[in-house]
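For reference, the structures are reproduced in the following blocks.
There are two complexes below, and they share chain A, which is joined by chain B in the first and by chain C in the second.
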Partner chain A sequence: MPSFLLTVVLGIYPIGWAMRYMFYDYKGYGAERYIGLDNFARVLRDGEFWQSVVNTFAYAGGKLALSIPLALLLAVLLNRGLRGRHVLRAVFFMPTIISSAVMAVVFFAIFNAYNGVLNQFLLKYKLIGGAVDWLGVDHAMLTVVLVSVWGAVGNYMLLFLAGLQNIPADVYESASLDGANKLQQFRYVTLPMLGPVSQMIVMLAIINALKGYESIMVLTDGGPVGKTNVMFLYVYKLFFPTAGTGAASQVQEIGYGSAVAFVTAVIVGAVTVLYFYGSKQMNRYA
Partner chain B sequence: MRTIGKTALWAFLLAAALLTLFPILVTLLGSFKTNAELTAGATILPTSWQLSNYAEAWRQANFSAYTMNSLFVAAASTIGILLVSSMAAYVADRMTFAGKRLYIGMQAFTMFVAIGAVVLRPQFELMIKLRLQDTLWGVVLILVSAHASAFFILLSFMSGIPRELDEAALIDGCSRGRTFVKIVLPLLAPGLGVCALFAFRGAWNEYLLPFVFTLSKPELQTLTVGLASLKYGVSAASQTHLMMAGACLSIVPILVAYVFANKSFMQMSAGAIKG
Partner chain C sequence: MRMKKQLLLAASGLTLAGSLVACSGQSSEEEQSGAKSGGKTKIVYWTGDRHDSEFIKEQVDAYNRTNADDIEVELVIKGDDFDQALDMSFQTSEAPDVIRVKENTIQTFYKKGFLAPIDAYLTDELKAKFPLMENLNSFDGKRYSLPNYGTTMRLIYNKELFAKAGIAAPPTTLAELVEDAKKITAAGKANGEYGFAQNFKSPGSALGRSARVIAETSGYGGFGYDFKTARYDFAPFKPIIEAFKQMKDDGSMLPGVESLDIDPLRAQFAEGKIGMYLSFSAEAGVYQSQFPAKIEWAAAPAPSIDGSVNGASGFLGGQWLAISSESEHKDAAWKFMAYMYGDQILQQYQEKGFGIAMVPSVSAVAAKPEVYGIDGFLPTARDGVWPVYPAVPVQGAKSDDAFFKYILSGGDLDAIVADLNARYNKALDAAIASGDVKAEPDPDFDPARLAGQYADE
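After this line comes the complex of A and B, so read on.
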């Protein structure tokens, strides 16, 4: 059973490992000291961490608010007999197959304030007065969200399409016989029948949005001044402080990092559960 | 009224398609521009097509090594994932054994519970114990261990193969191993194909794992890692053309595969929610 062995050793064991170090003061070298719940007390006082939680929710909220409606709209438009719909679907899905790290490098070249492609374009056509610092303090979060939306819409479009195709055509027929126009059909037929599927898609999107940090790491590395620092990036930096820009701004904090990771896992879990029950309630009253 | 609606619809769809393709086009076209032209911006097509960008990236910026490393990691982990998960799916579907439910539960657990970077550290320390921390085999091994999604895909394909076929082989005196290789694997081929596509894409695009493992070994970096490190370099601004060429090296192979097999790519992602 090689599969069993690999799963246990490389999948389960590390989780147990982290569970243990939550209660220790361990910086990657020297002695490890049992300190009970002190790490968790420190999490509560850690302003930088809670700022990253706020950032995560801003990031996830922005990403969801843009990508889900857009994906649904595209899915509805491309569901029925439109010429060239297969090509368009393939185009919209394309970003999801490309490495997010590679695209982050490309987007860095596009959004760069001084010689970025976007600014040059906007300046040439006089759409903006001066260069906009897309990755600066004011716009970094917006840029990061846009990049993530670019990478995510295609995937959710496809999932919505799969859901739409499960709605039988005769339901629409009888609706139009009863005199419902396209908009009414969408409101009273498509949306309710898509309910369970969209519930799952949104759940998936929430989890993905909360835990995505790879492209943020390459694009802004959490900066400027922590504006785009999300929870998982914060955890990562506690474990690998020298990685990234090469500036060793922090010390390695394995014990504390494990505790923070546990708290983030609990937060993600809590959001998921809350959403799950919340949407169930909504279904009941809808 | 109808034509107006149609025009608006198409305008919207084309605008969206253009926005989607824009970054990819910037990369493809940018990879042929000189650095001066890139930083001056404002041209769409390159004024002269610079193939030398690729030559420079390939020779001086070490992209030949990066490409080889990426190929190695992607190929080795794809083979590993296919081997491990096909055997696991066969056994989990056709046999009963103690702890089977626990095993399947663990697979699902590793897929859904993500605690992020935390697991990288113990994984890294395990690789030090195995003396694999300085090779890409460590990366491969960890990628292979994350085979839960391939396992579940193959499990659903497995249940679509009639039991009678391999049971007949067993009754005829064929051993378990031979039955698996001669009967089950060929029938599983479509599933294996999709899994291979996914495993290869995943490994080829992986960033964090090879990044952490090659912090002290720049010559082992994969395309994604090498590319991102260009961005952090001191001379980043003077190397935009190399970034673009490097990004193309990473994007184009996957893009070509996508053009030929976009149905399978999309089917699989959609299947994830239906199943």
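After this line comes the complex of A and C, so read on.
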């Protein structure tokens, strides 16, 4: 009963609240005007939103492409009898428990163009000719992807490790007796037997990547010129526009924001479902 | 298989929930507004200001020690999420009793019904002492706040880099601004010194402290709204945005301005790496405590488009504290508010350099702030308070974002301005039709007449 109540209060009620406003023009004050499907028609015309969808897929794609193989590689290495592997596991996992917003501030000190540590290092060893604006128009997406990979790898590594430790040792022994070398054991034993775990890890990674926005908000706030503006950040700003000192007054768009949030949820849900059915093959050894 | 389906369903459900609720983060504040603690009437005061936090803490502590009404004030200093947290507090019936309001938030808070009128508490003496400012502290004939201090906007410049580049005086036109930025960069680029910088991580904040004051000094509304016609017209911003673009193209701006926040900008200015930028009078306090400046610097009037001053450099303010409409202890909240608006605190507020007094009787007696560089920020005959423009929910890119994009990547500025005008006026018409805003043309509006009310020279 308590869990049912919690689900209703924290899950169903807020969704119902937001879904109701999808059909209203509501600014957080004044009249709530019913406008039917106008908010959804506006979503279809909203170039900034669709650009944020494209950015989200670029961000999520980059994050997955780098973090999953890296996490698997680290898990395999740290699953061996290396000295200090427990310390290394803790070190790689640490970013997961550090606030992404706090780390984004540290990463700003590393990546900023005028006195960032990265530029100073690269210039010192003459790897670049001049300061690179890692948070500028040309490189901002790459930078936020790298920061997100740093934050995610340890988590997925740990999940892969759990999967690896569930593979019976005698399977490797049999493979070894059959003459399989380490690479072949990885290809024909480890990868297939990690299939079900990998399927879930990748699904979680997809959802997290599509939903991630906190570190982006701190690092670039979606800029420059919207280059790193992802779907959830776009929604956030519709609900909570911020008027800095001296800046123009901002108007909340609760009705439209609810409609965009719904479309966003449908996109994330659709990608997840597509992935789930598309990855059934990974489960054949389950 | 069934388990997988359930898992999939659960994952999809979580995604939907996460998406829809992502933006409704619950405030973690534990204050209970209006609670009685140990026989005392407890009231909660929220502020988002950090530059004066120590001073305010001292005043609140002193009030808690000395007030004879058994009132205990809890001060809560919020971060950048002040507006969001306040929204949440009203939704969860945990709203503070006393709220810090600003020129760009008081209207919204009023429309949301967050504020209680204070007319019943105002004696004739108080009414005479604190200027009534329509849409800045008064709405529809009722007062909701009182002025304390104002904020002027200036060009802040590094005197050492000016001397090094052979520049005798701060720029007074956009052409001089561009030229001076180029000279400073040419003279100092080898040492990492650049002519100009803007905090473009937030284009709204960057242009709200730069393009705004140049436009206002030149006689145009700082947010594109024309008070004569009651229409939006961004055409006057063209030369300003062109000048900013020119400085970017010239390489006169600090590298990395595209993602620069205001504090990193200040840190670089304090280190002597930036020749000039435009900002508020709060900068003087910033370089005294937050980022102690290692250089000789000063503030000068912002340049106008062509050197002629046809308007008033915005003097921001007119409000400070307000009482929550949901406060159960409005009388106690007012008693605390009356204490904070006492002459001694207001006077110290200026003298310690937190702001420039906007209450005439305080201005008359308060000494000049004890802060290096404040002289250039003190009100002059060029400063004045602009009326409040109608904020509208425009669809598509905001003006600041569109202009910033042009500064970075170019394009057809005439087409950008035409598009902004069309979209902002469409949003304005819709907001007028729905009764959300009022916008009446004022053919006699003369921006030059706004200036000169706070200083003669």
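What we mean here is this: the second predicted complex is superposed on the first by the 261 of 286 C-alpha atoms of A that agree within 3 Å, B and C clash if a C-alpha of one lies under 4 Å from a C-alpha of the other, contacts with A are read in each partner's own complex, and residues count from 1 in each chain.
Keep this in mind: a residue touches a chain if its C-beta (ideal position, glycine included) is under 8 Å from a C-beta of that chain, and two chains touch if they have at least 3 such contacts.
Predicted model only: the values in this text are computed from it and were never measured.
Novice: State whether chain B and chain C clash or fit side by side on chain A once the two structures are superposed.
Specialist: clash
Novice: Does chain B (first) or chain C (second) touch A:V171, or do both, or does neither?
Specialist: neither
Novice: Could you look at A:F239 and tell me whether it touches chain B, chain C, both or neither (first, second, both, neither)?
Specialist: both
Novice: Could you say whether A:V273 touches chain B, chain C, both of them, or neither, answering first, second, both or neither?
Specialist: Only chain C is touched by A:V273; chain B is not.
Novice: Tell me which partner A:R42 touches in the superposition: chain B (first), chain C (second), both or neither.
Specialist: second
Novice: In the superposed model, which partner reaches more residues of chain A, chain B or chain C?
Specialist: Counted on chain A, the partner with more touching residues turns out to be B.
Novice: Of the partners chain B and chain C, which touch A:L142 in the superposed model: first, second, both, neither?
Specialist: neither
Novice: Given the touch rule stated above, what does A:A162 touch, chain B (first), chain C (second), both, or neither?
Specialist: Only chain B is touched by A:A162; chain C is not.
Novice: Output check: A:P95 vs chain B and chain C. Expected answer is one of first, second, both, neither. What do you get?
Specialist: A:P95: touches chain B, not chain C.
Novice: So in the superposed three-chain picture, is A:G257 touching just chain B, just chain C, both, or none of them (first/second/both/neither)?
Specialist: Both partners.
Novice: Answer with first, second, both or neither: which of chain B and chain C does A:M203 touch in the superposed model?
Specialist: The answer is second: A:M203 touches chain C but not chain B.
Novice: Between 40-48, 94-102 or 130-138, work out which stretch of chain B sticks into chain C after superposition.
Specialist: The segment of chain B occupying space taken by chain C is 130-138.
Novice: Would you please give the residues of chain A that touch chain B in one complex and also touch chain C in the other complex?
Specialist: Looking at chain A, the two contact sets intersect at 10-11, 14-15, 18, 108, 114-116, 200, 207, 211, 232, 235-236, 239-240, 242-246, 257-258, 261-262, 264-265, 268.
Novice: Can you name the residues of chain A that touch chain C in the complex?
Specialist: The contact residues of chain A facing chain C are 10-11, 14-15, 18-19, 25, 27-31, 33, 42, 46-48, 108, 112-116, 131, 133, 135-137, 140, 200, 203, 207, 211, 219-221, 223-226, 232, 235-236, 238-240, 242-253, 257-258, 261-262, 264-265, 268-269, 272-273, 276.
Novice: Where on chain C is chain A touching in the complex?
Specialist: 4, 7-8, 11-24, 80-81, 83-84, 87, 102, 104-105, 107-108, 111-113, 151, 153, 192, 200-205, 208-209, 212, 223, 254-256, 258-260, 264, 268, 273, 280, 282, 316, 391-393, 395-401, 404-405, 408-409, 434-436
Novice: Flag every residue of chain B that touches chain A in the complex, lowest number first.
Specialist: Of all residues in chain B, those touching chain A are 9, 12-13, 16-17, 19-21, 23-24, 26-27, 30, 38-42, 83-85, 87-88, 91, 103, 106-107, 109-110, 113-123, 126, 141-142, 144-148, 151, 201, 204-208, 211-212, 215, 223-225, 227-228, 230-232, 237, 240, 243-244, 247, 250-251, 254-255, 258, 262, 265-266, 269-274.
Novice: In the complex, go through chain A and note every residue touching chain B.
Specialist: Its residues touching chain B are 1-4, 6-15, 17-18, 70, 74, 77-78, 82, 88-110, 114-117, 119-121, 123-124, 150, 153-155, 158-159, 161-163, 197, 200-201, 204, 207, 211, 213-214, 217-218, 232, 235-236, 239-240, 242-246, 254, 257-258, 261-262, 264-265, 268.
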